[in-house]
Structures are given as structure tokens and as C-alpha cells.
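By written order: A, B, C, D and E. Residues from 1 in each chain.
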Amino acid sequence: MSIDWIKLLFTLLGLFIVLNYGLLQYGLIRRITARIGKRIGMPVYQPYIDLVKNYAMRSQITHGVMFYLGPVFRLVGGVGIFMFMPLIYGSYYWSNYSFAGDVILIMYFMFFGMLGMALGASEGGHPYSFIGISRGLSQFTTVEVPFTLAVIAVAVQHHSFSLTEIVAGQQGGIMHWNIMTNPFAGIAAMLAFLGMMMASPFNVVQAPQEIPIGPPTEYHGTYLGLLQTNRAILYVSESILMVNLFFGGATNWVELIVKSFCVFFWPVFVGLVFPRFRIDQSIPWFLKIPLILSIIGIFMV
Amino acid sequence: MYKNMFIILLLAGFGLLLGSFLLTHHEYLSLPQLPAYYADNTAPEVGAANVVTAVVVTYRGFDTLGEVTILFVAASLIAMFLKHSKAPRHDRHPRPSSVILSTSQKLLFPLIVLFGAYVFANGHLTPGGGFQGGAIIATGFLLLLMANPQAEFKHGLLNAIESISGTSYVIIGILGAILGLGFLDNRFISLGQLGTLFSAGAIPVIYSLIGLKVGAELSNILHHLNEVQNEE
Amino acid sequence: MEYLTLQNIGLVTGFMLMLIGLYGALTQKNILRIIVAFTIFDAGLNLVIVALSYIKGRVAPIIDQTTGVTNLSEKFVDPIPQALVLTSIVIGVGVTGVMLTFALRMFKTRHSLDINDFKQTKW
Amino acid sequence: MIAIILAIVLGLVMISMAIAALTAYRVRAAVLASGIVSLIASIIYLLLAAPDVAMTEAAIGSGLTTIIFFYVLNKIRRSDV
Amino acid sequence: MVSPVHIVSIGLITAFLLGLGKKSQQQMLVFVLMIATAAMTMVSGSWLIGLMTGSLKPTDVFTAGFKPPFAINLRMTMDEAVLTTMVNVFGFLTVIYLFDVLKKAGKHLLSIIVVFLIGLNVVVMTRDLFNLFVFLEITSIATAGLVIIIQDSKSISAGFKFLMASSVISGILLIGIIFAYSYVGNLNIDFMTNLSMVKGGAVAVFLVMTAIILESKQFPANGWALDMYESAHPAIGSALSAVSAPAILFVVYKLMPMVPENWHPVIGLLGLITFAFSNFLATRQENIRRMLGYSSVAQGGLMLTVVAMSVYFGQSFWFIILGFLLTNFFAKAGLFWLNGIVNSDDQNKWGILRKRPVLFFLFGVFVVAMAGLPPFPTFFAKWEMIMQLAQGNGWGWIVLILLGSIFEIAFLFKWFGRVFHAVKDQPAEPVIPWFKEFPVMLFGAGILATSYYFIKYQQFDNLFVLIPLLIVAAFVVIDFLPAFIKNILLIAALTFYGYIIYPEIKGNIMQLVFMSVFLVGGILTLIPGFATKGTRAGFYPFAAMTIFGLIMLVNPGDNLTFFMGWEQMALGSYILILRGKKAERPAQQYMLFSAGGAYLMLAAFGMLPHFAGDTFFGNLSGLIPGAGVVFVLFALGFMLKTAAIGLHIWLPGAYSEAEDDATPLVSGVLINAGVLGLFWIVTSFGPQQLFGYDIFQLMGWIGAITAIGGNMLAIYEEDMKRLIAYSSVGAMGYIIFALSMDSKLGLLIALYYMVLHFIYKTMLFMSAAGVIYRTKTRNMYEMGGLIKSMPWSFIVVLIGIITLAGMPPLAGFAGKWMFYNAVVMKGWYLQGTMVFFSGIVAFLYLYKLIASVFLGQLKDNHRRVKEAPFVYLLPQFIFVIAIMVLSIFPQVLLEPLATIIPDRVPGEAILWDGRLAMTSFGYWNAFAVMTTVIVMFATIFLWLTYHSRKAQKVKQFNIVFAAERPFRPETTHVSYNMFAGYKKALGWLMTPLATQFWTGISDWSTAIADKVRSWYTGNGQTYAMHLLLYAFVLYLLISGGKIL
């Protein structure tokens, strides 16, 4: 198989754009959140500073091989999702490596990072990381159900698992977006998206000391840098996934960024309004409303 | 009570079954083939005047062998079961028998035995035979026991009689197979004159042996029952 | 009246004895009485067998001066059941003897003759 | 005809003796009654033209069995036997 | 040639002469008896041989020299020769066995024994009804005499009960005989075949038959017999069971010609009821002798059925009856004799046998033979019987037989398991005299020889049946060798077998795939065995049996071979499981469920010829009315093996309690037998309906629920092996679901997953075995941090769980991807989602597995733990390599697998464009994904390595703990009750409904058994009444309430 170097270049460029976009977006969101909470908040460029600082940190420790590999797995997961997802509809070069697999690949690749991270954090041996992981995994299992159903609904609707095909099917105006043609599935997916982003009210997983994802106490320095990089890429990638699936995809970068920002803003908005769920509350919740919605969605097709 | 009622019902059912036999069964007007054959051919074939005896000892001789065996196994079982206690004799409280009994016993015992012998030896001629004769002999023995409850009998003798007569019975049966036509065939000894003592081939011999054996066995049973330790 | 033959009387009596014997065997509690009941059952059974051998107006199957030696099959009653009964009676006494010895030993082990006291093995 | 009447009478006696054997208070009486049943049976056998059987029944069924019974009863010394 | 009548005369002369003996000569008398029984044996044996070789002709012996019906005649044909030989051989051995008893007992007992034998011989040979009666009476009185060898109060009262019962029975018999005589005028059986035609004659037949049936101890009128079995000396119990009962049954056989045709089924059914119920009641028995008694009665019932239906069975009658007869003869006698050797009715005392390998082996042989498992005659007899019954649509009968058989297996294997695990604090070396051992060994040899002839008679394919059996037998013989030699030999044998079998099957990819799974799996799972020391007695024969049983499934050729292989595998794996330390109950459960599944299949095999003719599975495609039932039976049978939800409760226990290094074999390899079966029926039956409902639909739901259930249950397991075991349940649900989709893609998934599951599950279990081998615990909360000491194991587990979870880039993802496509194409969204959900749930327990064992804090007592032995790791890494190859080049496996799927199956197949797999829905390029991931991973990893090259290793205690020592230390382990929140939220999903259900069934059956057996009050009088009641009911059944 010959390697298409130009495509690789484009992919890396896309990755770079997304990284920057993710960092900025994160800063912006934090800022907005703070404002709503009547605080001033950090500067928008703060994530850059954090990142640079972390990469520059020198005193580094490791608990063992898996601890070491955890962030690697995590970042591979994040980058992988990005890699396997077409960015801009109709563009060969901006379709990344989506030829390697369809939406199923992406859905399953999400686990890759999570698992690696979970393992890495576990090796630290700190009990809190176990607790955090157990919560995270628990919640994640239930989040995935409505989301998957929604994806299946979409796939059935377009008779394809290929994201490109799905986006193609949504061209031609807002009324062709899946969120409109199949609102139940769309809503279910959006609700599930809340959980996927682990934003409030579903952020008990990330609750300060027990954090497997995001900067945990154990991980610092370069590790933390990797994780922050990942977060920037992953969140944006997931937003783009949603955009592709339900909001008609994007035919150019601007559209992509606008749409994904809006999508991303949805969990932030919800998080500002609702209080945090306990883990045993969130699990049944996901298995109730979103699940029912997604089932309706699937039978609408 | 319910149980008894239930049993009565059950037996009523059984009774009905038996009753149905009464309905379907009719008394013979003539003998069926098989008994008719016996009636007609016993005299020429077997040479016994008493057809029942002929049937018992020859035609169905194998049954009789079994019958003897049953008594034998019953006697063995009783003997095995009621093994003599090893307790010393004086533990018992002897009850002397009456003078009448002890004197009459001396007189009667030989007579009774003789009568028994007569009954079985003439089994092929008159009613009676080994079993009846044996029982009579046992009665004589009973008298003996009653007269001397404490007497030590040589049950070795009884055993010997029993064993030898039994063995001889079987050997005669085998002789029948070798010299005659089949196991327990009586015809390997000449049939003789119908109606005389020495007739009917081996039947008198067999019946005598049976008589001896049965007598010995029944006596043995009585003996063992007598010997068993009295219950306190 | 035509049913009132010697054979039928024998049969009915025999059947009655059998039933009485069985009833006794199934209801009496005393082991010895149970054995008594079985002997009555046996007696009834034997009576039935002998009754079956009977043919009206015929004589015992023994050749003597009165019977002659010809046409015996028209003069004799059936000899076979009689032969069978002989066997059956002897078997009966054998079984009764054995049962009585068992009763004796059972009494020795438990000092009781109640059949209900001998349920060591069950289920 | 006489034979039939005799048979009926004997049969009835047998049956009543049998019932007596089951209802007798003492086992001894029961044994005796059953002995009588056998004895009467042997008479009926005579009526039924079965002298061989009659002899056997009298000697064994009635005689010996009863004797064995009494032997056993003697070994079990109890008030109600 | 000596006339058969001399069996009697020899015996009688001996019996009579023994009376002359003196007390001091007792020992000599015993020898006389021995010689006499030997002579009797020789007479009947010479007839048997003569008749078999044809040098002798069947004869009638005319006693008194008159032809029947004028005199009594004895007959000697093949049948009688067999039975009398059995009786006399048995008599001879009994005398030997009872040598010590007889030496003390006195001459009367000797006489009784020989009379008993004579009685039985004549009962067998005589053709005269009244003669039969006389000798039955002889036998009865002799039996009463034998029962009281032990003169204790139990046996005496049992003897009395028996006498009462036999009085009633003989009364009925005599009445019947006399009635018969009065109707037909003679007493010879051969001259009264028209008896039932005569007006009223049916009553006579009824009475005679009833008496004989009662004599054969049919349920429920058999309390007297059971009491006798319980209280008599074991040798006597064995005589009653092994020779008495057959003789009586032979009488039934003799009398059958006079029984009207329409009674045959009634009698047969009564026999079956006895079979089912007696076995049922035996399950509640703790007392061994009584249990064996129940079992004997049950066997008698079964044989009565066969005899009663002899006309129906026609040609196969002799095969069937001999199978049951000989097995019962050898095995039951052997078991009773062993009871005598152990001299206890307490199952726990049987541990003595564990000290005597040969005796214990024979004990196992007897139990297995009784239970009707291959390769013993009962197995073939039962098969044939069911096939014959099925031809006549005797489904109710089959149900009874199978029910009885399962109860039989229940109590037999409960007993076996108990003995296997009996406490070993028995007297050091029990003294077992030779004369007690000798008969047992002889009978053990007897049953093995019989089995050999039965197998030979079947004319199996040598390569697939005989060679495997011989190999298994060889491993029994060489069981004394050290473990590693046997290990080498077995691996060599398997390899060699693979070599010779390959040319046979290479054309058939399906067979090739399964064969390689079984063979390779077998070989690889054996490798860790090199780590065991000592002889490991009893492992290798059964490992061989299991593997070869599996192999027999692959290319069966006919239904019987398949079933035989199936049962053999079940038996072998049962023993492997039983070998675990606490495996008594799980193994018992496993056996029961296996047997249940097998019997469902057996019933299905019975029905199969209606649809497919004699060929194996045949061409069944398309909707055949009624085939749905067969399909369901098969499916249930196979799903029992794959542990579909509701039928799964045996699995965790069985897998986790098995010996650690045997678990991969019994789980990872063995479970594929179920998949094989399911695949077979799905492809050969095609879509089927049951009551108008699509079965595949149902199966799909079952699969989905199984997948969720299994995985849900795995989450909360604290026990490492149980966790993996439950994961198997989940995986099997996945496969069932895939199969039930009945599309090309679905079947492909099933096959692919079968292979994959085999690989990763075997690997995981081996890894677990290695960890357990080192840490000596299975509880995950007692482990932690083992990554440092066991890195290789960790890598294996990591790869295993990534594969299991179906994460890209490893091979598991292929399954998931195909799965989505298949689900969407099929349109089973809800079920599909459930399965998908189960897949995610799997993450939870996978994480728990790897994290709590290998990550986290190292435990104090594991500080010196070393890496698992090399022999454990070697096969694991072979599997790892396999996974890696499959991950990069899935088409290597997927393309051949796709060719297996028949064209009939609807749906689209995967299109391959080079490395790109395509369906109409999606696409996937494993190679590209793998490359991408590897590049990304390598890039980041290298960068990180470069960047933090100076990272400092932190020692374990660099982290501050602040906690007191709690009362239960495990509760503070992070992995203990790890997913508590999840449990709180979704715990209701795993209410142990199935366990409750099966426990309920077990409790109910116990309660019912208790109720039923209270029927046996122990009161002889009641028993006598039962006899009459039985006769009454039988009369009603036969006559239908009318006068006969």
C-alpha cells in the first residue's frame, strides 16, 4: 500500500488546527462559565500556558510501565478518533484516514483511550483512581447504549455506516439534517453526548480527587500535558462526530468550527443549569429517557 | 378405620375378580386331554395304582423334588436362624412331663413310625405318600419331644437320614435319566404288577426316601424350635 | 339350584376363606395373627384348587377293584390339581414355619409382636 | 344331595371359624380355630374325592402347622398369646 | 454334553450332603460348595459356549421321560444358557466373596445358598407354570434365609416383610395358575399361548402376570424389596439385583407370548414408571445400600419395559436387553460388593477406596456404566431403545426414560463425587482380603469386555471411534507413570492423531476448523501440565477422553457417534472438573446439566429420522412441519453446553472449581462443542417454527439476554476464575445471537467468534492459572500490583481483554464490526443493542480483572511471587501471536470461514477488496487501522520516552496511606465490590432468577421425593396391601374397568 504523503500532511495539519481550536475553545468555555458564575475566570489562552508549562516540567516520576503507557493510550485514542473521521465533506484530503473504517471503528476506538487511561491510573495504586475509574466506566456503559442506538438509527436511515455517506445524505439544507429527519434519535444522541463529555451533571467521574480523565493528581508534567492535548483533540473530535452524524457535517472549516462549537456548547449549557448526579442516579437516567428516545428513533426509520 | 375400609374395598375388588371366574368357569363334563391321559395311561406307563401319586412322583416329579427342597431349605433356615444358645443347660427351668406321656411315648413312638412308613411305602397304591408319611413320623417325634423336653437328641442321626435320603432321591433321579428316559423317570426299575407293593418302578423307593426325608426335616424343625432358648 | 354343586360350594368357600385370610393379613397387628391369617388364606386357596378337580359323580383317581382298569378317564376326577395341592400344602407349612421362626426372632429383638414396631427400614 | 348339604354346613363352619380366628382374643384360640379350618377342609377334600389331599391336609396343614404354632407360642410367654 | 438338569442335581446333591458335614469341617464344606457352584457354572457355561459356537443345539429336557405337556420340561436355548451362566458364575463368585462369612456361618447357610441358585436356575429353565411356582417359592424362602445372614433386627424384620409380600404374591400366582389350568387343561407355558383367547382366560393371564410383575419389584409395590436391599448383606443385595431380578424378568419374557398384545404397552409403561420414580427416590438416599436398592429396582423396571415390549422391539430386542442386563449384572453386583468391602453405608466412609486405585477405578467404571454413559453397553442399549421408541412415536416413554436416566445420573454421580472427595483420614491401608477383591475385579473385567464387544458390534469407523477409545484405554493403563511422561505421550498422541486425521478432513473446512480448535486447543492446554509434579493419577485418561470425545463430534458420520462423542466429552470433563479441590458440588451440577442437555439431544436424535432418514443431520433445509420441535430440543441441548442464560448456573462453579490448568481445556476448548452443535443445526435445519413462532427470533433474544446476563454477573465476581467463566457465558450469548440471525454475516460472526473466543478465553484462563499457581488464591481482592512480578502474564491479559472487548485494532473488533452490519441488515435493533450493551458492560469486568490483579498495590504476601512458569506462558504467547496475526490479517481466517456457510443462508457476505472488508453498509480495513494505530502509538510513545527519560521510579510506599486495619481486610481493597454504584443502579438485572429457578426445582424435587418415599412406611403389612393395590390398579389399566 502506497502512502499518500500529501494526505498525511493534510491530516497532521487538521490535527494541528483541531488542537488549537480545542485549546481555545476550552479556554473560552471556562471563561464563559466563570462569567455566568459571576467570576472573572481565566484568560482564554490559559490552556496554552498550562500546556507549555506541563511539557516543560522536569521532575517526573513513574509508578511503572502501565502508568507510563496510560497517557499514551489515551492520546492515541483521542488522535485515533480524529484520524478515522472525515472532517470536511467532499474533500479527499480533509477526510483523514476514514477509509480505514466507518463509524463503528470510531465508536470502539473511544474505548481504547479510556481503557489505557484507566489502566495507567490504576497502576498508580491510589484508591481514588480506582473509584473514579469504576464510576467512569459504569457511566460510560450506559451512555453508550442510547448513543449507539441513535447511530444505528442514522445508519439504517442512510443505509450506511460510513460517515461520509451519512453526511452526504444530509446535504441540502437544514431540513435534511438528521436532527430534523429523526429528532428522537438526535435528541437521544445529544443527551448521550452529555455523558460522553462527562460534563455536569454527569461529571461526578471527574470530581476533583477521583479523576482518571483530565489531570489527575497522579499525573503531572509531561503526562498531564499529553492528557491536556488529548482533551483538546478528543472533545473537538467528539463534537465533530456529532456534527457529522446529526448536523449535516460541514463542507468547509468555518462551518465545521461553528457547528462543533454550538454542539460543544450544549453540554456546557446543561452543566451550568443542572446539579451533579450521583453515579447510581445517572446510570438509570441514561437507561430511561435517552434510551426510550433512541428506541423510538430507531423505529421511526 | 379408613384404612380398614379401604382394604375391604380392595378385597371386594379382588373378590369380584374371583367372582368373575365363577361366572366364566364351568364344571368339566369330561376330563381335558392331559388329566385324561394320566387317568388312562398311568397304569400301563407308570404302573402306579394311585394316579395322584404317579403324577406327583413321576409326571410332575420335578415339582416334588422342588417341594422336598422347599422343606429342606425351610428346615435349614430355621436351623440357621435358631442356632442353639450356648447358654448352659441349667439356665432352663425344666418342666417334667407327665408319667402318662413318658410311658405312652415309649409304646407309641415305634408304632407311629411304623404307620408313617406304611403310609409312604404304599403311596402308589393307596391314598397317602411320602409327605403324609413323613408328617406322621414327625408326629411321633413330637411325642418323643414332649415326653422328654430336655432330652439330648442325636440330631446327627436326623441329619444323616435327611441327607442320605435326599441324596439318594436325587441319585435315583439321575439314574432315571441314565437308565430310563429322563430325570426322575421311575421306569428304570421294572414296573411290576399293578396294585402290589413292589410295583410302579421306582415310585415306592422315591416315596419312601421322600417320606424319610420329610419326616427327618419336619422333626428337625420341631427339634430346633424345641431347642431354642426360652424367652424370659 | 343348578349352581349349587359341590364344586361351586368348594370354590365359594375357598374364595371366602382367601378373602378373610387376606383381610386378616392386612389388618391384624399381631404378627402371629398375621401368620394365622396367611394359613387361612392358604387353606382357602387349596380348597379352591381341589374343588376345581372335582367332577360330579366321579371317584378319587386311585385304581382299585371298584374302578377297574379301563375307561378310567371317565371315572376319575382330575388328578392334577390334587397333585398340585399336595405340593402347595407342603410349601405352605414350610413358609409358615419360616415365618414363625422370623416372628420368634423378631419378638426376641424387640419384645413386641406388633407389626408397627418393625419399621427400622423405611423410605 | 346330602353331600351338598354337608358341604354347605362345613363351609359355613369353616368361614365362621376363620372369622373367629381373626377375632379371637387370644392368639392360641386363633391358632386353634385355624387348625379347625384346616381340619374341616380335609373333610371337604374327602367329599371332593381327594383322599390324598385330605390326608396331607390333616397331617400337615392341620396337624403340624398347629403344632409348630404352639411351639412358637410357648416360646413367647405373654399374657395375650 | 451334560444335561442341563444336572445343574439342579449337582446342586441338590451338594445341598443335601452338606447336611452331613460337621462343625469342625466348615472350611472344607465351603470348598465343597465352591466346587459345586463351579461345576454348575461349567455345565451352564459349556451350554452357553456350545450354543454360541453352534456345536450344540437348543434342547428340551424331558423330566420323567415324557414329552410335554405330560411332564415338566426344562429348556436350554441361548437365552437360558446366558441366564443360567450368569446365575451360576455369580453364585460361584458369591461363595468366594463370602468366604469369611461362610467359614463361620455353619452348614445351613451353605445349603441355602446352593438352593437359592438351584431355584433361580430352574425358574429360568422350566417351561411348566406350576413348576415355576414351586421354584419361585424355593427362591423366596432361600432369599429370606440369605437376608438374615446378618442377624440384626433390621434384616430380620425386612425378611419378614419379604415373606409376607411373597406370600401374597405366591397366592396371586397360584390362583392364576389354577385358573389357567382350569381354562386350558394343562400347565405348560408352550401349550397355553391361546389362554387369553379363552373366555375368562384373560383373568388367569392377568393374575399370573401380575404376580410375576410384582415379584419383579415394580414401583410402588416394592417396599419389601427395598428394605431387603437396605438390610441384607451387600453380597445378598447384589445377588437379588444381579441374578434374582433378571431371572424373574426372564419369566416375564417366557410368559409374554400368552399376554394379549394390547397389554404390552401397559406393562411396559409400568416398568418405565418404576424406572423413573425409583431413580427419583434414589436421589434422596443417603444410605448406600438402600440407594443401590432403588437403583436395582429402577433397572428392573427398565428391563421389564424392554421385555414387555419385546415384540415391538423385534430385531433390536436382544441388543437392548443384553445391554441393560449385562451392565446391571456386572456393575450392580460390583457396586454391592464394593459396599461390602467398604463395609459402610455412609458415603463419606467410602474414602477408603481412594487408597486403592484399582478398586476406585472399578468403582468409577461401575458408576459410569450404570449411568449409561459411553462406552458401556447401557449407553448403546438406551440409544437403541430410544431410537426404536421414537419410530413408534413413543414420546411419553422417551420422556420417562430420560427423566429416569437423569435422576439416575444425579444420585450416581453425587455418590461418585462424594467418594472422590471423601475425607482421607481413613485407616492408613485398609486390609482387603483377596477373596473380596477378586470378584469385584473379575466383574470389572467383565464389564469392560462386554463393552468391548458392544462397541465392536456397532462397527464404528475405526479412525474416529476405536483409535480414540484405545488411546484413552492406554492412558488408563499407563496411569502410574510420572505426569510429564504422560503429558508428552498425550501431546504426541494428539499430534499424531492430527497427522493421520488431516488427510481425511482436509477437504472440509468446517471440520478442519473445529478439528484444529479441538486438537490445537487440546495440545496447548496440556502444556502447562508440565509444571505439575508426581503422577497426577487420573488426569490424563480423562483429558484424553475429553479431547477425543470432542474430536468424535467433528466427523461423526452417524448420529450415534456424535452422541457418543458428546457423552464421552461430558464424562471426561466431569472428571477433570471433579478433580478440583472444592469441586464436588459444581461437578455434580455440571454432570446433571450435561446429562440433561445430552438427553434432550437424545430425544431429538430419536425424532430426527422422521425428517432426515438415517443420515447424520441430513438435509433438513426448508420448513418441514414439526421439525421445529427437533430443532428446539437440539438447540436446548447445545445451549446447555454453551450455558445460555437460565441454563448457565452450572458453568461458573464448574469452570472455577476445576483444577486451574485444566480449566482452559474444559472451558475454552470444550464450550465450542456447543457452538459446533448449534452451528450444525442452524445450517442444516434453517429457519424453523414452533407453534407458528420463529425459533430464530426466540434464540436471538435468548442470545441477547445471555450476553447481558453473563457479563452483568461477571462484573460483581470477586473470584478471578468465576469472572472469566461468566464472561464465557456472555460470549456464548453473543454467539447464539449471531447464529440465530441466520444470515451469512451472522454465521460468519459466530464462527469467527468461536475461534476467537477459544483463543482469548483459553489464554485468559491459562494466565489466570499461572497467577493462581503463584499466588495460591483466586480472590482478586487478595491480589494487586502483580504487573511488576508477572509482566508477561500482564501483557497476555491485556491483549486478551482488548481482544475480548472488541477494541480496535485487535482482532476482536472484526467481530464487532461484522456484528453491527449484521444487526442492521437483519433489523434486530433492540436485541442488537442489548448485545452491544453487554459488550460495553464487558469493559467493567475486564478492567476489574486486569486492574485488581496486576495493577494497584502489591500485597505483602505476594512480594516474592515469580512470573508464571514457562510452560504456562508458552501456550499463552502462541495464542498472542495468533491474535496478532488475526488482527492484522483477519481475512486469513474470515475468508475460509465464509466458505463453510451454506448457500442457502440468506444475507450478503463480506466482500474483500484486498485488505478492505466491505458490506453494503460499511467498510473496514484492519491493516490500515493497525498501521495507523501503531504509528500513532509509536510516535507518542517514543516522544514521551524521550521527553521523560529521566523519570524516577517510585517505590510502593511512597504513597501515604491513612487507614486503620479493618475487620475484613478485603473490604478496603479497591477492587472489592468495585462497581457498587452500578450494582445499586442495575443490580436488579442480575437477580439470580436462574439460580432461584433451579434451586427451586431441586427443592421441589426433594420435597416431592420425600413425600413419595413416605409411601414406604416400613410396615410389612402396608407393603402387602400395596401389592394388592398395585394389582387392582393394573387390572383397571388393562381392562379399562370392564371384566376381562
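Heads up, the rule we're going with is that a contact is a pair of C-beta atoms (placed from the backbone, for glycine too) under 8 Å apart; a residue touches a chain by one contact, two chains touch by 3 or more.
Only a predicted model underlies this, so the values are computations on that prediction, with no experimental measurement involved.
With steps allowed only between chains in touch, the distance from chain A over to chain B comes to 2.
Within the contact network of the assembly, the step distance from chain C to chain D comes to 1. Shared contact partners of chain A and chain E: not a single chain qualifies.
Taking B-D and C-E together, the pair of chains sharing more C-beta contacts is C-E.
Here the chain at the heart of the shown protein, by mean C-alpha position, is E.
With each centre defined as the average position of its C-alpha atoms, the distance from chain B to chain C rounds to 16 Å. Chain D and chain E have centres, each the mean of its CA atoms, that are 58 Å apart. Once the centre of each chain is set as its mean CA position, chain B and chain E turn out to be 54 Å apart. Chain centres here are Cα means. That of chain A falls 106 Å from that of chain D. The residues of chain B that reach two or more other chains are 7, 11, 14, 18, 21, 25, 32, 34-35, 37-38, 50, 52, 59-60, 63, 66-67, 70, 73-74, 77, 81, 127, 129, 131, 218, 221, 225, 228, 231, listed in rising order. Shown for chain E are the residues that touch two or more other chains, namely 130, 134, 137, 141, 144-145, 148, 151, 175, 182, 1025, 1028. Shown for chain C are the residues that touch two or more other chains, namely 5, 7, 12, 18, 22-23, 26-28, 42, 54, 60, 62, 80, 82, 84, 86-87, 89-91, 93-95, 97-98, 101-105, 107. Interchain contacts (touch definition given at top) occur between A-E, B-C, B-D, B-E, C-D, C-E. The touching residues of chain B, when paired with chain C in their complex, are 3-4, 7-8, 11, 14-15, 18-19, 21-22, 25, 27-32, 34-40, 42-43, 49-52, 54-56, 59-60, 63-64, 66-67, 70-71, 73-75, 77-78, 81-82, 125-127, 129, 131, 194-195, 214, 218, 221, 225, 228, 231. Residue ranges of chain E in contact with chain A, taken from their complex: 784-785, 787-788, 791, 794, 798, 801-802, 805-808, 813, 816-817, 820-821, 823-824, 827, 829-830, 832-833, 836-837, 840-841, 843-844, 846-848, 850-851, 854-857, 915-916, 920-925, 927-929, 932-933, 936-937, 940-941, 944, 947-948, 950-954, 956, 959, 974-975, 978-982, 984-986. Per the touch definition, chain B reaches chain E in the complex via residues 7, 10-11, 13-14, 17-18, 20-21, 23-25, 32-35, 37-38, 45, 58-63, 65-67, 69-70, 72-74, 76-77, 79-81, 83, 159-160, 162-164, 166-167, 170-171, 173-174, 176-177, 180-187. Chain E contributes residues 3, 5-6, 8-9, 12-13, 15-20, 61-66, 69-72, 74, 105-106, 108-109, 111-112, 115, 118-119, 122, 126, 128, 130-131, 134-135, 137-138, 141-142, 144-145, 148, 151, 175, 179, 182-186, 199-200, 203, 207, 1025, 1028-1029, 1031-1032, 1035, 1043-1044 to its touches with chain B in the complex.
Residues 50, 52-53, 119, 127-129, 131-132, 135-136, 138-139, 142, 218, 221-222, 225-226, 228, 230-231 of chain B touch chain D in their complex.
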